[in-house]
Amino acid sequence: MSDIITRRVFTVSLIAAGLVTSLKGQQPPATGGALEPALIDDLVAAYRILAQQGVLDGFGHVSVRNPRAANRFVMSRSLAPELVTAADLIEFDLDGNAVDARGRALYSERFIHAEIYRARADVRAVVHNHAASLIPFGVTTVPLRPVYHMASFIGDGVPVFDIRKNFGMTDMLVSDTAKGRALAQVLGSKSCVLMRGHGVVVVGSSIPIVVGRSIYLEMNARVQTQSMAMGGGRVTYLDPQEAQKMMDAGENRGYERAWELWKSKVKGQ
Amino acid sequence: MSDIITRRVFTVSLIAAGLVTSLKGQQPPATGGALEPALIDDLVAAYRILAQQGVLDGFGHVSVRNPRAANRFVMSRSLAPELVTAADLIEFDLDGNAVDARGRALYSERFIHAEIYRARADVRAVVHNHAASLIPFGVTTVPLRPVYHMASFIGDGVPVFDIRKNFGMTDMLVSDTAKGRALAQVLGSKSCVLMRGHGVVVVGSSIPIVVGRSIYLEMNARVQTQSMAMGGGRVTYLDPQEAQKMMDAGENRGYERAWELWKSKVKGQ
Amino acid sequence: MSDIITRRVFTVSLIAAGLVTSLKGQQPPATGGALEPALIDDLVAAYRILAQQGVLDGFGHVSVRNPRAANRFVMSRSLAPELVTAADLIEFDLDGNAVDARGRALYSERFIHAEIYRARADVRAVVHNHAASLIPFGVTTVPLRPVYHMASFIGDGVPVFDIRKNFGMTDMLVSDTAKGRALAQVLGSKSCVLMRGHGVVVVGSSIPIVVGRSIYLEMNARVQTQSMAMGGGRVTYLDPQEAQKMMDAGENRGYERAWELWKSKVKGQ
Amino acid sequence: MSDIITRRVFTVSLIAAGLVTSLKGQQPPATGGALEPALIDDLVAAYRILAQQGVLDGFGHVSVRNPRAANRFVMSRSLAPELVTAADLIEFDLDGNAVDARGRALYSERFIHAEIYRARADVRAVVHNHAASLIPFGVTTVPLRPVYHMASFIGDGVPVFDIRKNFGMTDMLVSDTAKGRALAQVLGSKSCVLMRGHGVVVVGSSIPIVVGRSIYLEMNARVQTQSMAMGGGRVTYLDPQEAQKMMDAGENRGYERAWELWKSKVKGQ
């Protein structure tokens, strides 16, 4: 107990002294409290569902904000999505520090999640993936737009983050706070942000919503590609008002119906 | 018995008074009689087959008209197709009212089915789906046409329903009688109708036929897309007379051969 | 015994009288002898392999010539390929008459097989399928050509049969001797013939070869489509001499290596 | 023991006499020592993983250099990849001679592997495959380039080997030392080389790396194809410096995370 108090006082002093960065990794942040079993179950299912639906392969990740502590989020240790279990989950603070890593390797791009949770109070879950059908929309000037009602959540547009703009020649990874912050700025108030030559980040107010959006974003990309090829570029997209009305009407009913199916398909794996 | 008589008289009075709408949901319609077990089995199989064949995902639905009562049809409660069992089936009248919902959530687009059964005495089964390959034909000006004999059922064309035309900015869903009726009007006497930015409705005289049509319509869309890309738009489609002769010869033999296969593949799931 | 003699004499008289057609179906042809169990096993496997590899769906068929009787061939009763067992096999003569149908339904397009066996002494196995990637090459003017060595067997070209040319408006099916003969004429000495708005027929000197060709023909169609789109039509195909040298060197080693794999994957189904 | 000494002396004499070629197949080369069980396990897994991920079908192969003897490598006998077990592995020298074939059929293209191991001391594993999405890049003038970070290993380009250039009309197979050497020359210091009208060879410093590269090369080909179609040819590829930085940062972390997943998916097969 006294240890904790001491540590906190010490941390505050360091922040005041502008020295907190050097502390990172040495003094782990305190937990925001354990997740409910049902939420753990949903987070593990999200990894496996996105693998089974072909959105994630050996790479990419999902996180959820700790409902008890807005400045903490939970994601897996560095592990292929299809293999994630409850025992692999690790809690992080918004600087990307693990509460209790126990020597386990961490996703180097956890800063994507951290900085979005910091910037967007409404976001409670985040997915980062490299789905093949989405990559072309990040490397051409063609905007990703909703061709059908299942993608109403992008009715207000999908911005593209080009890491080269602010950071020049990099290894393409959003592997620190500065890059995560720049990404979160380009995301703004939208539901998704493409990353040039890399992938996408999808955000939402719950795990089923962020999973459903990830699945239908990938599908919409395929359908848009096909529609553009067929229509010679002349495609009737959802009107922003139509998309908004769909969102107001409950965005595919919160994917509740599909979530039940998706979860049933990864049970017992 | 006297209750039923009372209710009917009461209903007639209300209709006369223009108040029947407010009654809906309070006084459920009478059943048209139970479906034969074999028909229940086929309807449940249809949901699962269309999921397994990639036509349906977590959304979309199938219905069958009650053979004993032309003004009643049966479909699942609001549920992902792959999870549907006999216990999930609910009977509806042509206003979309459930005979015995027992508090279960209903598909909001059941009015698609209701209004088509009302308008088309020849239709005994209906499928609504969002298959990705079909969406482009609803959002471009390219007509969906039969590239091979398996799609002879669209030899007389596939109309496109644009909900915006009559209803302006909506959430895209055919979620009431007026929208269902407008859709049925665009369908006319055809076997399918595309819905702009949404999906398709396929109709037929039996469950195997409507399932077979749904599967080969999706396939034809893919093949047509590929043929157009390859031929620079110059494609030899089935002549309407060829399509008609195929229909006269039994439309893929009523899909009997394939139905046996499809059903065997979802047995024991 | 005396019955058989009587029947044969009677048949000869009828042929002389030009009345044999009306006899068909009443007096079945004699058997050419039972197939070896290993050949039966391969024929059943061929149906299942082509279904599993996505070349056949609920439709299409495979046949083998009876090694003991050049004027007899064996194929399944009318059945979805994935369900075929040894008990479903029926022997036919080259007029498409079943030796012993026992009331079972027959594939209406068995005349494809019959007339090719009649015209081509070198052919010992035939496949008819509707693979989606092949259809575009039948409905456009783009010739199907080998983009890689696995498709060397089409180095001398793939003709297209258009049933409309000789038979006008039909139901598209090759369902009698005259249509089968016209198809066999267009096939000529080649290994495959496309059927406009319908599918393809592939022939070969053994079951593994005809199965391997069917699989790689479908694959080549996909690769050629993609190559043409990418290269703006400028594609370096296999030179006919290269294709011929590959054929001389054993055409993918007779698909022996792949056949072992394919067969292992349908065992125990 | 004395036998081995005798054989070696004898071989040296023959080399001096220019007669070594005629010896091949008669006097097998000595072993470089057995592979560690873990390496055998990885090599067998590599065959099965590449089959399961759709990179290999019934054809293609993987090899590993013997860590104890730089002039020996190990690959399967001629067998479909999905069927390979430890018992099927055979050791070869850099002339493509088997140490102990025991009458088993050999891959005719083992010279691809032999000559690359001879030319490239840094290469410890090699894959040869015919993945459909790669073929178009060998038969058109479109260069294969990295559209996203997962394909950083081709940041310095992918050369194309056209066997016709040096060898005229052939059966397309790299089935002897001269052809293998010509291929290795075109490969140069790169990580991959396309083979016109045939396939690709991928090299790397370990089995997981060569497997990972094979998987993401195939994926990158699909994404590039789609990007080019969509962007009308205007695509922002990874800058060579970005690709290099990704390589310096560990090339997808050595595919360690994915390798664990891929291997788990073929266990127990």
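Order of writing sets the labels: A, B, C and D. Residues in every chain begin at 1.
Convention: contacts are C-beta pairs under 8 Å (C-beta built on N, C-alpha and C of every residue); 3 or more make two chains touch, one makes a residue touch a chain.
Predicted model only: the values in this text are computed from it and were never measured.
With contact taken as defined at the outset, there is no chain that touches chain A as well as chain D.
A rotation of 180 degrees, rounded to the nearest 5, superposes the Cα atoms of chain B on chain D.
The most distant chain from chain B, with centres taken as the mean of CA atoms, is D. Chain centres here are Cα averages; for chain A and chain C they lie 52 Å apart. Taking each chain's centre as the average of its CA atoms, chain C and chain D sit 37 Å apart. In chain A, the residues touching two or more other chains are 229. Remark: the chains found to touch one another pair up as A-B, A-D, B-C, C-D.
By the touch criterion given at the top, residues 146-150, 152, 219, 222-223, 226-227, 229-231, 234-239, 241-242, 245-246, 248-249, 252-253, 255, 257-262, 264-265 of chain B touch chain C in their complex.
Listing the residues of chain D that touch chain C in their complex gives 57-59, 78-80, 82-83, 130, 132-133, 135-137, 139-142, 164, 169-173, 196-199, 225, 228-229.
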